[in-house]
Amino acid sequence: MKYRHLVITDPAKLIFGTAPYPVKTRRGLHIGGGQVYSELNFTLPVMSINDQTLPEVYAHYRQITEGALERALQLNSKGVILEFETLLEMTKSPATGVEIVKIMNDICESFYQKHGLASEIRLTPNDLREFERPALQRTSRLLEPMFQLFEQGMLAGGDLLSIESTGGKEVSDEALMMCDIKAVLFSLAVLGVRDMQFLWEKIAALARQHGKIPAGDSACGFANTAMVLAEKKYIPTVFAALVRVISVVRSIVAMEQGAVGPDKDCAYEGPYLKAITGIPISMEGKTAACAHLSPVGNISSACADLWSNESVQNIKLLSGMAPVAYMEQLEYDVRLMNTALKKGAAYSRTLQQLLVESDVYTDAQALVLDPSNVIRISSALIQGDSYVANARNGALEFIEILEETLASGRMTLPEMELSYIPVLREELQSIPDSESDFIEMMLPLLDPSKFIPSEYGL
Amino acid sequence: MKYRHLVITDPAKLIFGTAPYPVKTRRGLHIGGGQVYSELNFTLPVMSINDQTLPEVYAHYRQITEGALERALQLNSKGVILEFETLLEMTKSPATGVEIVKIMNDICESFYQKHGLASEIRLTPNDLREFERPALQRTSRLLEPMFQLFEQGMLAGGDLLSIESTGGKEVSDEALMMCDIKAVLFSLAVLGVRDMQFLWEKIAALARQHGKIPAGDSACGFANTAMVLAEKKYIPTVFAALVRVISVVRSIVAMEQGAVGPDKDCAYEGPYLKAITGIPISMEGKTAACAHLSPVGNISSACADLWSNESVQNIKLLSGMAPVAYMEQLEYDVRLMNTALKKGAAYSRTLQQLLVESDVYTDAQALVLDPSNVIRISSALIQGDSYVANARNGALEFIEILEETLASGRMTLPEMELSYIPVLREELQSIPDSESDFIEMMLPLLDPSKFIPSEYGL
Amino acid sequence: MNYILSKLLEAVEYGKVDQGSPYPPNLKGMDGAHELTQKALDAGIMPQEILETALIPAMGNVGRKFSENKIFVPQMLMSARAMGASMAHLKPFFASGKIKARGTFVIGTVKGDLHDIGKNLVAMMVEGAGWTIVDLGVDADAESFLEALSNNPGAVVGLSALLTTTMINMGEIVEKIKENAPGTVILVGGAPVSTDFCRKIGADFYSPDPRGAVEFLKQLAS
Amino acid sequence: MNYILSKLLEAVEYGKVDQGSPYPPNLKGMDGAHELTQKALDAGIMPQEILETALIPAMGNVGRKFSENKIFVPQMLMSARAMGASMAHLKPFFASGKIKARGTFVIGTVKGDLHDIGKNLVAMMVEGAGWTIVDLGVDADAESFLEALSNNPGAVVGLSALLTTTMINMGEIVEKIKENAPGTVILVGGAPVSTDFCRKIGADFYSPDPRGAVEFLKQLAS
């Protein structure tokens, strides 16, 4: 791993709106530069995407963008990020995705010219490779449309580039359901890391070439999936919290390859990436209840530079279209944080303290987001000599913190959850330092029909 | 007016979660007793209500109640108010409304017995009288089903009684559109006050008889309508702010007749009622974006004892049913306030300050909700000898504050808004102290076909 | 344009009802729509021309300014009143057939629903565009729409609903109208209504605001 | 109940695959589903009885505990594996007709959609209830469902979708199935799906969770 030192060592400095290395955008947003912005995400209502419906698809994105920016303007927004996370058809036919970026960018530009409201588009193509099973991560022809969309989409105005890539997911899907922490760690710290190196080298190069911003890649298919499963009580929250920590070594590879942030919202590795690398991050919590329920509604905003709603369909509520309503909710949350920032460190620290304390002892996944725990675990995540060792050390450090917290009586967990802790620790401790030893240990245990080692350079 | 002194004179004491006269409920909620609770409101999706669909209607209310309480439980809620605001068919056939209360109350009771989660139902029948035009406020046969629903509904478990009564609306509807402040004041301080006296004497007596809680009656049809119209830029925000102040003298009549709070959410007279009478109140803001957009998303929570979402349909979002998502959003907002309350006055004061400052100078309607302005205007609202004089004095005091604020440069308003201020002041100043003089002044100016004076005892 | 007509256009656009009316302050004491219309007729200008060249363009300007948020509703209402003062003079010519209205627009808030603020605004703006309005008020059922249509054959219908439980009644009304008065054009609106819903119930046009309705009707009439 | 069968029920309920398997710790070294099924067969117990008296009730208990949030998925998966170990012994008897499965359940995530975690859980629980599973995987189109139905006449179909833009494909698949294999019972599920949507596309049953599907199938089979 490239990073050997924390950029932020003082938990008090790991705070919303402020990142050591802020990102400046074309229309003048200064992400992490002293204030928080809203990041609105949205998607289509129930409908199919085909040649007949394309005009309607475009009309939806137009309506969403206009409605959201209009509302942001009325609320004196300091600026907005609009995330365009594509659906299958928009990546498979990149022209469709590019057209949507154009539509959105024109509207962004006109609000900027007419009213001075700055907004930017985060372009997040979906990872097509998983349509082939087992996936051909490096040799698939599906990489072509994906990169076409990246390149033409950024030229059309998609200035921030992200993806939620799925390398390693072939192994993690089952591993999550079995709560097999070793297999999860293998999928993230071996397969995920290698695939991220492959993908992000390319993405960062493209972005450099066109002067765009390589933002980041969150482990949605891993950590967010684990959270949703834990929320349904399908797997222990303790396990989901560990997945989040382990994800860090996978997602940080984007930065190692040149990504500068803002990191994407949905897997919550953000605070770790911010502490270790200093990039600004996007986070989501209570105001993403439209997309999934959350055990970290407040605490997740403690270190956010962008505050996101994850995703909402363009459907009608009593007040109007849902993206407009969510734009408003985000803006009010963000206003509160920005008021505190403006009044100075004492105020923002107090607000952060309240955000943290209101959640921290209610769920293991909240504990993982406490800024002081983030710093402590981050130190463990950068000490070793391999991604594997780092992931294991971070995970064990979290178990340490969890047990301290339980012992202190500040947090309680049901027996069903507690019984997993010693098992998980034991399994983690059995993981060797070296990647090759770990691979040797794991390969015989994994279903060979599920993934192709050579597609990860193994 | 009965109240001649403020119960709260120090703006620092006018704060969320704490009311001088808290209300205790059957299942142990202590509203205004040191913590804020969520108040969830909800309604049916697009569907008709008739004999065929009744089972489906009931199923919706069952699903909403179960889903919301389940989520509240998972989030360690301290307690929840569920507002059942009826639709026409549920009041016209009170049996339907009562059945829904029963369904909801059974679920509340089972969550209380099984898990200790306390929740209560606020029963809000709709005011049927407006179906007759001009309305027969005192002699209508439609009062019968309304009061049947009140009585049988409270026996079925609707422990908190509210209504958004519409006495005076015949005059205010047009007055709002014409920005005719004198007619608005007439509709609220003369007609509204008189109708409230008539209605709330009955409601309070019924509640006393059965040991239930007469909660309150917000001027939704007046102040909330004005806000929605201002939000659409149909009328000036300055005007909408005045309507809110004037509403106070009408809504306080419920307390004069025995209502004890929590006052209802949607018209924002709450902070005034709390300052003047000491009752706990319900408020709504950013988390009501599902129901209407708002210029007071944060500041409206500054003095809230219940925090509400106004209303959301039972439709599916990506995360699940919308009422469940909104339950979650409310709970996280409330957690933040409760964490501050628990940590002591310094923290809750700081959080309140941030909530207030983040909005206060962005809209005239926000200015009206600043706790120190609330205290100042409230003093003006209780000095006179008639409701009419009080309403006028309060309104003029607000104009005073508005002009001071504008002069200080902390707030700016577009010319279109500014030009209304002197006109409104002049019109307000022309209003006499005595009700009878005012009636004599207004009657000739009003359309006699729209309302029946004798139905207001005139 | 004729000087009187241009003054009339101004009077209506700025809501000057008659000479005595105090509003707007800057036109104090000047002729209002009432006087100017009389003068125009006295000058031999054709009623149809008064309507087409002064009143409708004036209200068009008002509608535009309103939808650009440059004026508030009260200003628009004053214009509508000024137009009303003018129309009082023109009424006889409608009866005699000397003026042809753009058409008749039957509007109402549907059964079970009492929200009429939005409906009233739509009615006013459509009237401003030269249509004759038949306002069925609130809580209007299919029968009352059918009756109005039989009294005003060929009229266009507008339905308003604000409740998720009454918008469904729109469907029933549309069905009955399409059955009994086939070919009737039906517009729908109100906060919870959407294009999808409009399509689903077989209505012809949805607009989120009065302006859209006016534009649609303009094309329909031309 | 026969002692061996009650042991087998316990082994499956607690996920003991075979003697050597380390899980669950408290059954260490004891016989697992593998050995116990062999012993039951050796003792002359009828295969159908093994299935009906031990395996299905065991999985029923597991499903109940799971839906009451008393166990996590891994425990349920271990039970499914133990059941699989037992089924391996019983397979020949299905082929020979000595055991009748409850029926065949063809399940898949629909075209354009790759989300299969939910679908896999449903498949597993339906299998536990004694059905034969034909899993079409993800991104499955109408043709593949029709093919599976022609190979498994009378099978019940389950469709899963997680995207608002793929659930619409369910409609197409339902239509084609009802056309080509009329009478086929179709279940639908996945986060964005609802009872209303199920009704709208003409499918037969929606359940928000695997348990509901199992209950529905139970009634269907009886």
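Note that the chains take the letters A, B, C and D in the order they are written out, and that residue 1 is the start of every chain.
Quick note on the criterion: contacts are C-beta pairs under 8 Å (C-beta built on N, C-alpha and C of every residue); 3 or more make two chains touch, one makes a residue touch a chain.
Everything numeric here is computed off the predicted structure, so don't read it as measured data.
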| item | value |
| --- | --- |
| Chain whose mean Cα position lies farthest from chain A | C |
| B-D compared against A-D, more contacting pairs | A-D |
| Between chain D and chain B, distance of the C-alpha-averaged centres to the nearest whole Å | 52 |
| Interchain centroid distance [CA atoms averaged], chain B/chain C, Å | 34 |
| Rounded Å distance, chain C centre to chain D centre (Cα mean) | 62 |
| Residues of chain B touching at least two other chains | 43, 313, 318, 320 |
| Junction residues of chain C, two or more chains touched | 164, 192 |
| Graph class of chain-chain contacts, one of line, ring, star, complete, other | other |
| All chain pairs that touch each other | A-B, A-C, A-D, B-C, B-D |
| Chain A-facing residues of chain B, complex | 43, 71, 75-76, 285-287, 289-294, 297-298, 311-313, 315, 317-320, 322, 324-326, 328-329, 331-333, 335-336, 338-340, 343, 347, 350-351, 354-355, 357-359, 362 |
| Interface residues, chain B side, partner chain D - complex | 316, 318, 320 |
| Complex contact set, residues of chain D against chain B | 164, 191-192, 194 |
| Chain A contact footprint on chain D (complex, rising order) | 69-74, 77, 112, 114, 116-117, 120-121, 137-139, 163-165, 167-169, 192, 197 |
| Chain B residues within the chain C interface of the complex | 43-49, 87-89, 130-131, 133, 173, 176-179, 225, 229, 233-236, 313, 416 |
